[in-house]
Amino acid sequence: ATKNDHGSSAGAGGGGGASSDTVKIMVGGMSKVIYMPAALTQQLGYFKDQGVKVQLIDTPAGVTAETSLIAGKAQGVVGFYDHTIDMQAKGKCLESVVQFANVPGEVEMVSSKQAGTIKSAKDMKGKKLGVTSQGSSTDFLTQYFTGKAGISTKQYTTVKAGADATFIASMKSGGIDAGMTTDPTVARLTKTGEGKVLFDMRTEAGTKKALGGLYPASSLYMSCDYVKKNPQQVQKVANAFVKTLKWINSHSAQQISDKMPSDYKGSDPALYVQALKGSKGIFNTTGLMDAAGAKNALNVLGSFSPAVKPKKDQIDISKTYTTEFAKKATS
Amino acid sequence: MSHDTLTADAGAMNGAIPTPAERKHDPRAQLRKHKALVYSLRAFVLVGVLAIWEISVNLWFDPFFYSKPSLIWKQLSTWFTDGTAQGSIWAQISITLQEAVIGFAIGAIAGVLLGILLGRARLLAEVLSPYIQAANAVPRIVLAALFIIWFGLGMSSKIATATVLVFFPVFFNAFQGAREVDRNLINNARILGASRLQVLRSIVVPSATSWILASLHTAFGFALIGAIVGEYTGATQGIGLLISTAQASFNSAGIYAGMLISTVLALIAELVLGYLERRLLKWRPPSQSESVAV
Amino acid sequence: MSHDTLTADAGAMNGAIPTPAERKHDPRAQLRKHKALVYSLRAFVLVGVLAIWEISVNLWFDPFFYSKPSLIWKQLSTWFTDGTAQGSIWAQISITLQEAVIGFAIGAIAGVLLGILLGRARLLAEVLSPYIQAANAVPRIVLAALFIIWFGLGMSSKIATATVLVFFPVFFNAFQGAREVDRNLINNARILGASRLQVLRSIVVPSATSWILASLHTAFGFALIGAIVGEYTGATQGIGLLISTAQASFNSAGIYAGMLISTVLALIAELVLGYLERRLLKWRPPSQSESVAV
Amino acid sequence: MSHLVELSHATKRFVKAGGGIHTAAADITMTVDAGEFVAVVGPTGCGKSTTLSLVSGLEPPSDGVVRVNDLPVQGIPDGVGYMFQADAMLPWRNVLANVAAGPMWRGMSKSDAHAKAMDWITRVGLAGFEKSYMHQLSGGMRKRVALAQTLVNEPKILLMDEPFSALDVQTRALMQNELLELWSGTGTAVIFVTHDLEEAIVLADRVVVMTASPARIKDDFRINLPRPRNVEELRMTPEFIETYSKIWQSLSSEVATARAEGASRVA
Amino acid sequence: MSHLVELSHATKRFVKAGGGIHTAAADITMTVDAGEFVAVVGPTGCGKSTTLSLVSGLEPPSDGVVRVNDLPVQGIPDGVGYMFQADAMLPWRNVLANVAAGPMWRGMSKSDAHAKAMDWITRVGLAGFEKSYMHQLSGGMRKRVALAQTLVNEPKILLMDEPFSALDVQTRALMQNELLELWSGTGTAVIFVTHDLEEAIVLADRVVVMTASPARIKDDFRINLPRPRNVEELRMTPEFIETYSKIWQSLSSEVATARAEGASRVA
């Protein structure tokens, strides 16, 4: 593996890895169900089949993944598509190469104690709403659906509740009244009855209800520069991922679970299967971007992200994704 | 009276005209001169580092990652004039400071008490030390998450993180300080009638003071880190959250600005500690370089 | 020869029959007895804590959040027999240990050198100390993220995090230790002909040894934390990643098991350090409670 | 046969550097009664300080028994005062606070303790230095602080390890006279280690001579000079000179042994 | 008029506890030539140690000049040896390593330094203790280690601050004889602080008497006793007794002054 010396990061295009035959892909939480294709492809051996060396690097913070990519320390990221829009606003070119899902896979959960009072976005006034982090996609999505209901960010409290156990504990103890999270946290809260689903953005219908359109999220994105310089390499990776997407579609949650390392299933494998069941539907089979969805994502970010808002009109959405590789992979 | 014990002030008041030699050796003038030198060198270092940073980022590096002083300054002035997304910057500072101060107090007191206790009680120390050693190796970042689960998202989880970070360095220094006490002093005190408790209070604690103070120098910084790591893991307010928000929105100037605020807080705490140290250790012989020749 | 300088062994070899009084006061037997006591008390504490944990979780708490010893044990045996998602557990341990050891070495050496240097160079200390103090208040968790940008995703960013965590406590103790040196000893050495460097090597460093060792007791724990925090921030291997995976999959037993492995590593390091300490400080008068009466 | 202090077959061994065993005091049997002033002399390094530490309870004997007030010594016996050979004052307290420490630890009020301490500071000639810290005093001044610190407690058993060795001749004579005055009639037992035979004879009821290492009791001379004694005058009397030469003979052969040993150990 | 050591109007002031200024030595003017043995006596706390520290270069004078080898003292002058009043041995080194430290710091090889150190350890009567650490030695033994440590360097200017005060009479006499033997003919200048007037007269070419605090030079007596001197024999000669009483008069009035001051300072 090549290590870039940090002084050369002006060439933030990520071309640093070009000479290397290992593709480093950062994953914003390997055991998160929405990023499951990463680990699953590895488990299925599809990278090897394609003759490409891929190293998956786990990081719980999507932002670390993206920063590493821009700094040229990695060649790809499995994470939220909307970061590519954000980065264009900041003058960096990233593009989604394989789009795993056209819905966020996020769920707005309401604590069961509040389930009686919070029935729609309008009821969020004065509540404590959990997000993974201020400034993150979950924060923007929350601002969007509350904004649509006429509630400004000043009218509720945004709480950084993290994901996982801290989220669950916070919901249980009343630290948050509602909050946005993914599987398996959703599955756990539903199973114990500590939380109820308010907006299910794991389905197209639920996403449209909450956001008025699709919102492509889980994806493999890379720096435009790297993609341009290494088309064969990128194609191999895309082939592997698309193959995995198809595999997901043709197998049951239980079968998928059986393929995954036991560590990802934690102490309750049944819960993991439950989570897969809940979220499996978000993945498409082609790896292709839904163009309208991409526009909607720009719309959401353009309303709330301090970085995107002022540049909303200059942003060329077509530069934030490519369907070239996914198309070839499917054919 | 052959004892020449005028204070310098009394001499001046008596209208005594200082001889040239006396004037040359006026310790206060020397002290002033030395202080001026130190402060100007400090300013020089600061300006130098900032200038190198600004220039090198302008010439070679990507401000996206490394930011630069002028951007950080802009970020700070935005925060201080327009406030932050979470409200007034002063509110954030006050929250983080409260968490750090409370965590510092609890951690330091517990560290000193337990350190001195174990330092003097050999069997207890032998039995417990592997466990304390082990506890010290628990990653605080994981603890911060556990504390949120145990204590909730409020201040208490951050205080707990700060406490834990402060406790260990203080404990280990107090422990060692208590063990290093000159045996002669203890023997003498016991002979003079000091009870075990009095030996502890009058001999062991003062002997360990410089050890404890040395650890406190690092400890407030740790308390701040604890509070920030706690906020970073989950919170509604505080500097840690500011940093995390800046990180999430790729605002490197914000990250550095947040860290800067935290370091300024640490420096202010250090001033207070330095004052305390000078008061507590005034009995100490001046080190060769410090002694003021008259 | 009225000097009664038989070693105990020589006495035995000469076939001298120990008098009852001698046998009663056999220092080695006493030592053995004391060690047995210590070890059994340690075991007692361990078993007690584990039992209370297990029972109270069974009765009152939610094992989802608090886990319990039996589950942790199960997790550990899975890891050690079936391996982890990232490969063999030994590989994880070895990676984390390498990062910690290298970070520890760099941080400790830098801390000792700079601490002693600044401890003896007063002006330098006065000029730089506010900056060092400030640097100490930078949250390591934020640094870990920065280090990934600076040093990449490999081991070096974790080593850097470990180094930074180790550096400060060692630095501050070495600094204080260098300042605490008995002035008489330095004067005597200078009179006897020691150069500045020789004074540093022969007087200052040995004098500061107990200070430095005290800080090293905490430092290896910090090195492990640094490595783990680094891995936690982004990695392909290591104990930190194990913990982070366990966290993300609600496996609280996994979190505790990961922490347990890290603490065991710290304890092993402590054994090594303890051995080192006894060797380096063998000149020291035994403390009252330790001295072996013959 | 109740003695205030009684050592019987007391022995003290240390583990030496290198693991060997060094016997610092061997089979010491001696008694001191209330009101008795016993001086101990012996070659340097023979074990005098070690013997005092046995009586003080700071070190347990390796063998034999040490009794104070008819009870085997365990911990520090009541009423013991011990002026160490080495400095042991608290560096972070000034002279006044150091001298007042004992009475305050024993429950006296601060103002009483300070008044009493000030009295003693004056007696040892350090008035005006009560606010000084230890590092600001000369060697002799520190010794006098230690003396005041010990005496302010009015001990019933007074152990003194070369208390006057750092003082100039006249200060020393003054201190000796002061000590005799204070002691006379109080019933205090004094064990006084010195390497100055003159001082031993001038002060003591008995002079105990110790052998070269390991210390054993070699001789025990009773000094029959009349009290109250004036130190300056006594020195010229024929009784004094006779006693001196008797004890000197006993002592000097020990010192010679000690020297010879030192030499033979290398050979 | 080239003297090896020359103090002219040297004064040393300290900042006292509480901020006042204490003059420890005032206007000291004296010279010492190569090969001269000067003893310094004076009341305790008058400023004798302070004067030595000026000559050693460890403390700069507050006023006046100190010259060694005709150069104003800055830092430690070449060829100075200084045996401190207080312990200053390295506790983490054993006796041998402590004594060998000086030669090794000055560039001697380890084996040579150890051989030379061992020779000196034997001369001071500590053979057999070379592996011991400081805390394992008696007070007198520690003093002898310090003596060996200083002499092993063969200094040209030897400053000694009460070197023999912790030794028993006979060891002391032995050490005195040894010192004289070593010194004679070497051209070494010795400044020897002692509170024992007998010792001063027996050893020195000149006895300097200092006043009560702050130390000034009060008298400077030349001792015209023939050399080589035998310490034991000399003590009984009429010349000795005459000299003793002359110096004693000078000294005792100072000691009395010091005492009176101590008393007056409280009133």
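Letters A, B, C, D and E mark the chains in the order given here, with residues in each chain numbered from 1 onward.
FYI, a residue touches a chain if its C-beta (ideal position, glycine included) is under 8 Å from a C-beta of that chain, and two chains touch if they have at least 3 such contacts.
Computed from a predicted structure; not experimentally measured.
Chains that touch both subunit C and subunit D are the following: B, E. Counting C-beta pairs in contact across A-B and across C-E gives the higher total for A-B.
Each chain gets a centre from the mean of its Cα atoms; for subunit C and subunit E, those two points are 47 Å apart. Annotation: 83 Å between the Cα-based centres of subunit A and subunit D. Separating the centre of subunit A from that of subunit C, both taken as means of CA atoms, is a distance of 40 Å.
Centre to centre, using the average C-alpha position, subunit D and subunit E are separated by 26 Å.
Across the assembly, subunit E contributes residues 14, 16, 22, 86-87, 94, 128, 133, 136, 261, 265 that each touch 2 or more other chains. Residue positions 3, 65, 145, 149, 232, 247, 285 of subunit C are each in touch with at least two other chains. Subunit A has residues 9, 61, 63, 67, 71, 164-165, 169 in contact with two or more other chains. Across the interface of their complex, subunit B is touched by residues 56, 58, 76, 80-82, 84, 86-94, 101-102, 105-106, 128, 133, 135, 149-150, 153 of subunit D.
Listing the residues of subunit C that touch subunit E in their complex gives 3, 182, 184-185, 187-195, 198, 202-203, 206, 209, 281, 283-285. Residues 37-38, 41-42, 45-46, 65, 122-123, 126-128, 130-131, 133-142, 145-146, 149, 168-169, 172-173, 175-176, 179-180, 183, 186, 210-211, 213-215, 217-218, 220-222, 224-225, 228-229, 232, 240, 243, 247, 255, 258-259, 262-267, 270, 285, 287-290 of subunit C are the ones touching subunit B in the complex.
Partner subunit D is touched in their complex by these residues of subunit E: 14, 16-18, 22, 41-46, 48-49, 85-87, 94, 118, 122, 125-128, 131-133, 136-141, 144, 161-162, 165-172, 174, 195-197, 251-252, 255-256, 258-259, 261-263, 265-266. Those residues of subunit A lying in contact with subunit C across their complex are 1, 3-4, 6, 9, 24, 26, 29-32, 55-61, 63-65, 67-68, 71, 73-74, 163-165, 168-169, 184, 188, 261-268, 271-272.
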